[in-house]
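One structure below.
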Amino acid sequence: MTDFFLILVGTALVNNFVLVQFLGLCPFMGVSSKLESAMGMSLATTFVLTLSSVASHLVYHLLLAPLGLEYLRTIAFILVIAVVVQFTEMVVRKASPLLHQVLGIFLPLITTNCAVLGVALLTLNRGSSVIEAALYGFGAAVGFSLVLVLFAALREHLATADVPTPFRGAAIAMITASLMSLAFMGFSGLVRL
Amino acid sequence: MAERFDFPGGITPPTRKARATRSPLCTPPLPRRVILPLAQHAGAPAEPCVEVGQRVRTGERIARASGLISAALHASITGRVAAIEDHPLPTADGRRGPCIVIEGEGEDDWLTLPPLDWRQAAETTLLERLDASGVVGLGGAAFPTQVKARIRELHAIDTVIVNAAECEPYISADDLTLRHFAADVLEGARLMARLAGAERILVGIEDDKPEARQALEVAREATLAEAVPVEIRAIATRYPSGGERQLIKRLLGREVPSGGLPADVGTHCHNPGTLRAALAAIRDGVPLVERVVTLTGEALARPGNVVARLGTPMGELLGFAGLDTQALHRLVMGGPMMGEALGELACPVVKATNCLIAATRSELPDPPPEQPCIRCGACEEACPASLLPQQLYWFARGREHDKAERFHLFDCIECGACSYVCPSHIPLEQYYRAAKQTIRAQRREAARADHARHRFEFRQARLAREQAEKEARRAARKRAAAPATRPPAGSDAQSAAPAADLRGLRIAHSAARAAERKAEKALARAAESGEADPATLEDLETQLATARENRQAAEARLQAARDVEEKPS
Amino acid sequence: MLETLFDADLVTAVLALVGLAAAFGALLGFAGERFRVEGNPVVEKIDALLPQTQCGQCGYPGCRPYAEAIGEGEDINKCPPGGETTIAALADLLGREVKPLDGEAEATPRVAFIREEECIGCTKCIQACPVDAILGTARRMHTVIADECTGCDLCLEPCPVDCIEMLPRDTGRDAAPLPPGPGHRPVLPTPAWRTALIASDRPSSSTEARHG
Amino acid sequence: MTTPSLGEVSRHGLWSNNPALVQLLGLCPLLAVSSSVVNALGLALATLLVLLGSNVAVSLIRHQVSGTLRLPAFVMIIAAFVTCAELLMAAYTFELYRILGIFIPLIVTNCAILGRAEAFASRQPLLPSATDGLMTGLGFGAVLVLLGGLRELFGQGTLFVDMDLLLGPAAAGWGITVFPDLDFLFLVLPPGAFFATGLLIALKNLIDDRLERRRQARLPDRPRETRRVRVTGTIR
Amino acid sequence: MNAELPRAMGRAALGLATFALITAGSVALTRDLTAERIADNRQASRHREVAAVAPAGHDDRLLDHVLSRPAAPMFGFEAPITLWQARAGERVLGVVVPVTARQGYSGDIAMVVGLDTAGTITGVRVTDHRETPGLGDRIEARKGDWIEQFTGHSLTSPPAGGWAVGQDGGGIDALTGATITSRAVVAAVHRTLEWFETQPGSLLAPPATGETP
Amino acid sequence: MSLMHTDQTAPRRPASTTAVMGWLLVATLPGIAALTWHFGWGVLTNLGFAAAAAIGLEATMLRLRHRPVAATLGDNSALVTAVLLGAALPPGSAWWLILIGMVAAIVVAKHLYGGLGHNLFNPAMVGYALLLVSFPGPMSLWPSPDGLLSPEARPLGEALHQLAGLTSLETRDALSGATPLDAFKHKPEALMASEFWADSPLPDGALAAWQQVALAWLAGGALLVYKRVIGWQIPVAMLGTLTLVATLLYAGNPSHQGSPLFHLLGGAAIFGAFFIATDPVSAATSRRGKLIYGAGIGALVMVIRPAGAYPDAVAFAVLLMNFAAPFIDYYSEPRVYGHPTATRGIRVDVDKEAR
């Protein structure tokens, strides 16, 4: 139990995917200018990340490893991810067109959210069980969602600030991310993975 | 003083009332010339009903109410109408607006209406009289009292509140009104209680006005026998207890719902001056031509309260009180918290003028330059509406109107308590006012756009219908011209297509019919509820017309297709 | 070369992945059919944000077609009557970047006004008006219903005698400017009685912005 | 969509629509692998190759894939390129392969690559697509190397250390120590990566701003005319 | 629509399968062509690492002399140990043990430790780690000579209690700002030495009795 | 509009931003005095150089941004940042360390965001955290608390030498040491807390000195609360939560965990609670939000202190909660007059769809 908890805390905070591991940065920068879209993106990513983490794990251990095809893992994983994302996209499109419009290009880009493939590959390296893989994916997604949502709130706040012109927009967002990452350094050493 | 109910926040600025309450109420000489703005009340401006050059008597109606919410205007001196033209209005932005100017004859020849007994007269008579007398709220908003008094039609009222809080510094007009006319005020309150069907009267008065309270007690003792009981409750002095929402909360513990009216919680709130004016209009037949105005400020040698004729140029009135123009630094109409700084001495006294402050520079210094907000939270502690003023400020500055609304911008009563305490001297409520006006303008534009779209859709539908009908006629003509000719060999392919089409058309037709019925229902519902304004109704009518056109177009097309269908058979 | 091609390893690899892909493909095909969406409901929302002037300055015949185009990816900065406000609202709705307006913003809202004494009643303007804001019949003078007119000026061109002009529309008193901001004093009216008294006595600093 | 000129494609990829500074795509490798020039250069080259290859391949098959399958198909192409690149690197530049580690498979998910495939190559013929791939790759790589240089120089006080891993023994002596004893960990650690990128973006904005102002100054004052199409009538 | 469903599914399946065929085929082909070379590279790289710490004078065929030992969790070897003998002809000069230091600052640290017959360290190298650049990564020989300080030490030098970083009262310098990493490395080396003690002679047995690959 | 302003009457509250900042500076005096008394002239050299750097940087940035320089400098906020950062740094820091910290604080954390009132993160703590991460060595070396007047005390001249970077604390190893939190954190795991204290590697009187400094900060904090420069919410919530978590941990494992009192007084908790966490600009705004914000800081401090890599976690905890503050603001709005319940959070797109 504590192990599972540690995995969650470890992935969500200490080795936060976005701020410490540098994964999933594009959606982090791209979908964070509005809190609403950030929340939508968080949900979508959490879903995709957890699901694809488990699916990749299964594909690897049930298909690739028995056949000695480890080197095909990248292709196989990315296929799994793309399919999960595509599937999610269709469902979201049907269920909430506005969310779909808002997430726009970012929903397909969850495919290329490195975090998703990153989780799949990192779980492999850690040699975890299915449950651990799911937790790992979920923890990573929670970490991603947490910083994404907080960052979005921060950026909304920033929208009213009197930022010097060259820094408006992406530049100050990057610098904000830098300071956030600095703050997250405080968690370093909390849980060793 | 422990009170049962209270509102959060509030401030206690220095009251500075003493200078003007030392001397009794007095009447300045009649002005030679009065300027009466047509728009000195809430709602639509009044419409002049006199000609230039016409002689008018004091109390004679010179402009009539126009529209649902509006008020009549009366000559406040006897003389000739010199002009109907634009004059500076008593507003901070120095706007000009249409006014009726009366050149006085020096005498006071009254034209009053016949007295009425308010206990006996029919309610409609009373309301008509209020309407005819141009009585509006004298507490600040100048809302037509007649409209307000119709409350019974929509709401059940149990309490009439007399708002004698007078919480702003400097102002003592209500204080003096009560000292001199407490009995009239209470009788006015009874009159309102009758109109509203209330069963009690509650007077809320701040504890810094012991004389007024004493006078009220005396008047109350004298009328103990009356059916509607009067209760006088002193409350600790704190700004803005006089805001009706805050007063109601403080006296009764009830909260007026956001966007609602005091009537929604069974109360009806009036200023003492309003009550006295309403009583005068009914009991004595005297329309609203004068009011109590506090003249104060250190640039005045003889501050005090005066009964001033409406339209008196402020300079004249202040001159009467011994204005030292050299020392005058700022002229404020109303209190220092919510009042407006004026740029001219020539502005006339209007119905909403309860106080004129002729302040010296040291008394009300220029506001220091605005500094950045440091989010210190002082404003939040002062806000009587529990808003987060600093957030509203950021949103207003950043023009993030949807977020400002999300943080309840429209619940701000613009009391200025937040600006008062702000260490960065930010004129916060100016930001809110600007944001509110922008939002209102945007809403208006959005409604316009919606309306335009509906009209555009209607036109499209109409054109489509005309087109479809034309085609249907052409098809019919064709059939009539060649009834017997068999279709040529290739017609199989042709007739197959209409058959499929026909089904589609039929579906389209029934959809159009459903849409029409829906639009009809929406219109009927809106019309019945009685709350929709004419613009909305018109909009719904347009939508209904569009649906009709669509249905007719579908019908025509269907008919044409049927005609083609039937032809080969 | 040939034996490499038929290497057992290679064949299993290809077969495994092909099988996986086929299964997933079937899943996607299923979802694609099941969750098919017709049309684009967002267009409605975009349309609601456009000013509905129907003027065609965006390059589309009316607001709705432009709304549809935006839904397909067209730029959001092509509507001059809507101006910055509309662009901001669209950017907000669609999560896109705000762009400067492509074209000239209109200074104030306007309405058409027909000089009735000059009107010959040709009805050309009526046909041009997208919102039926012009009243009149053939050979009778025409007039514009100011409340309905969107100010698109489409009626100007067809008029053979040039009797239509655009006048600024009264938008009510909604122009309360924001205070000048940090570093400045709030704007209060200049006391006229002072200037009237002695010109040199005017308090010069009272309303001016104070820098440094 | 019309086919833009090659010059335009190049300008877009290198500057005005630079994936790293403007589109903010491909940030993960950008930030993660830019701690020294050599890492940056290695990844830049690998990314460039994959981008070029995938753009070409996607452009070639652009008429063959339908809606639902587009995404999976594209990523599989990219993944194939990446895996091949990985295998080839392991075979021929093993040390570099070990250093870049996990980030090689992650090239697959470099958003910039799929972004280009989706936004450009899937709609354009071969030549523009190839140019776009090349130029975008170069633009991305340039930023990557610049960032690497910046962080290496101000974080560790050195430049071009270990270039031999990438360029062979000839480059062994390239490393120079500019600021001895400098150890400004901030730049080496994640926060510094974000920070340096933010500064680069601001710098680009500043340059753009200057250029624009200069261009404006050169332009004669010409009132912009409003385009109008006078279309009314029924819209269906 | 229902009739459409199987058709659509079939089409999609076929399409994706085609792509899988092409991509997997090309990857598998590349892999077939490079597999050998990669294996060679791995081997060579491993050899370089091992050679760097092996006692001097060996015959450069380190990776050919493999020994296996059962796991020894007490000493931090959680999996069976595969180690290499350094020989000069028939003479065994020492061994090279692959060691994993747990509890590094961010994850495990893989090392190789070379020991001569006397149990004296002939070298330590970090082969894989994820420590912080600029801090923990100074354990790499390329980035600093910290790791060299182990050479020449043995279980008894520094004496008991000295096998710890200075902060913990031991005699080994820690990297400034990276005590955790240092601590982990020191502990792992120390345990390896202790484990070596428990394997009297057998690791150093001459080739005849030693396992052959 | 409100034509009256506070300067005329307010009961205790300072009437202008300048005065608010001024009172904050006054309130730091007891703490600074105590620090100087125990840790020597290095405290003052820190503060002096930090203040000079702050004013220089602030003026430069204002000029670059074309903002009124003199008027804005007068708001004292840069000075506050300088004093707080200067007091947090190890006494006798070198000029370059202070300068880098001030650049991070004033240039990056404050002016890149638009200056006073706009910054999202606490500038002083940004500077501090950046230094801590970048230069763990110099940042963890505190001089031993010899007292200003004792014979071992280093003279002002030496402090100036250190400021100039000519000598560093490291070269005077014998006289320097870690902070109590640092030392306690790095005690060997087997060692019991009691054994640690019995044979502490800390210089004599270090813990007592730290506790006295903390109490001096508390006195300053009390002044701030009395002058209503700060509300009570943040300090109370932060210290309350910190004590609570520390007590729980201590109750769970008294032999290895520091006591609640140790956590309260042994580090920068008090200083942080009254002077740092209360920075109004970067904190949550509503009263309820401030409670959440303060509690978050307290909890984070007690998560990071025992388990994380950095011994004193106040800076990071403050930055982390700065990061969360805007989000907290969305969810902590008080109930507004006339509304049946408080509105919390944002309207997710469903509403907009209905609009």
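Observations on the model:
Here the chain labels run A, B, C, D, E and F in written order, and each chain numbers its own residues starting at 1.
The rule is simple: contacts are C-beta pairs under 8 Å (C-beta built on N, C-alpha and C of every residue); 3 or more make two chains touch, one makes a residue touch a chain.
Just so we're clear, the structure is a prediction, and the values are computed from it rather than from any experiment.
Farthest chain from chain A (centres taken as the mean of C-alpha atoms): B. Ranking A-D and C-E by contacting C-beta pairs places A-D first.
For chain E, the chain whose average C-alpha position is most distant is B. Mean C-alpha positions place chain A and chain E at a centre distance of 31 Å. Distance from the chain A centre to the chain B centre is 53 Å, each centre being the mean of its Cα atoms.
Rounded to whole angstrom, the centroid-to-centroid distance between chain B and chain E, based on C-alpha atoms, equals 82 Å. For chain D, residues that reach two or more other chains under the stated contact definition are 68-69, 72, 76, 79-80, 83, 87, 183, 185-186, 189, 191, 195, 233, 235. Of all residues in chain F, those that touch two or more other chains are 1, 71, 108, 115, 117-118, 130, 133, 136, 309, 329, 346-347, 352-353.
Listed for chain C are residues 9, 13, 16-17, 20-21, 24-25, 27-29, 31-32, 34, 45, 54, 62, 92-93, 130, 182-183, 186, 210, each touching two or more other chains. Within the complex, the chain D residues that touch chain F are 183-186, 189, 191, 195. In the complex of the two chains, the chain C residues touching chain D come out as 21, 24-25, 28-29, 31-32, 54-57, 59-62, 64-65, 80, 103-104, 128, 130, 154, 157.
Residue ranges on chain F touching chain D, taken from their complex, read 108, 130, 133-136. Residue ranges on chain C touching chain F, taken from their complex, read 45, 93, 182-183, 186, 210-212.
Across the interface of their complex, chain A is touched by residues 9, 12-13, 16-17, 20-21, 24, 27-28, 31-32, 34-37, 40-42, 45, 71, 92-96 of chain C.
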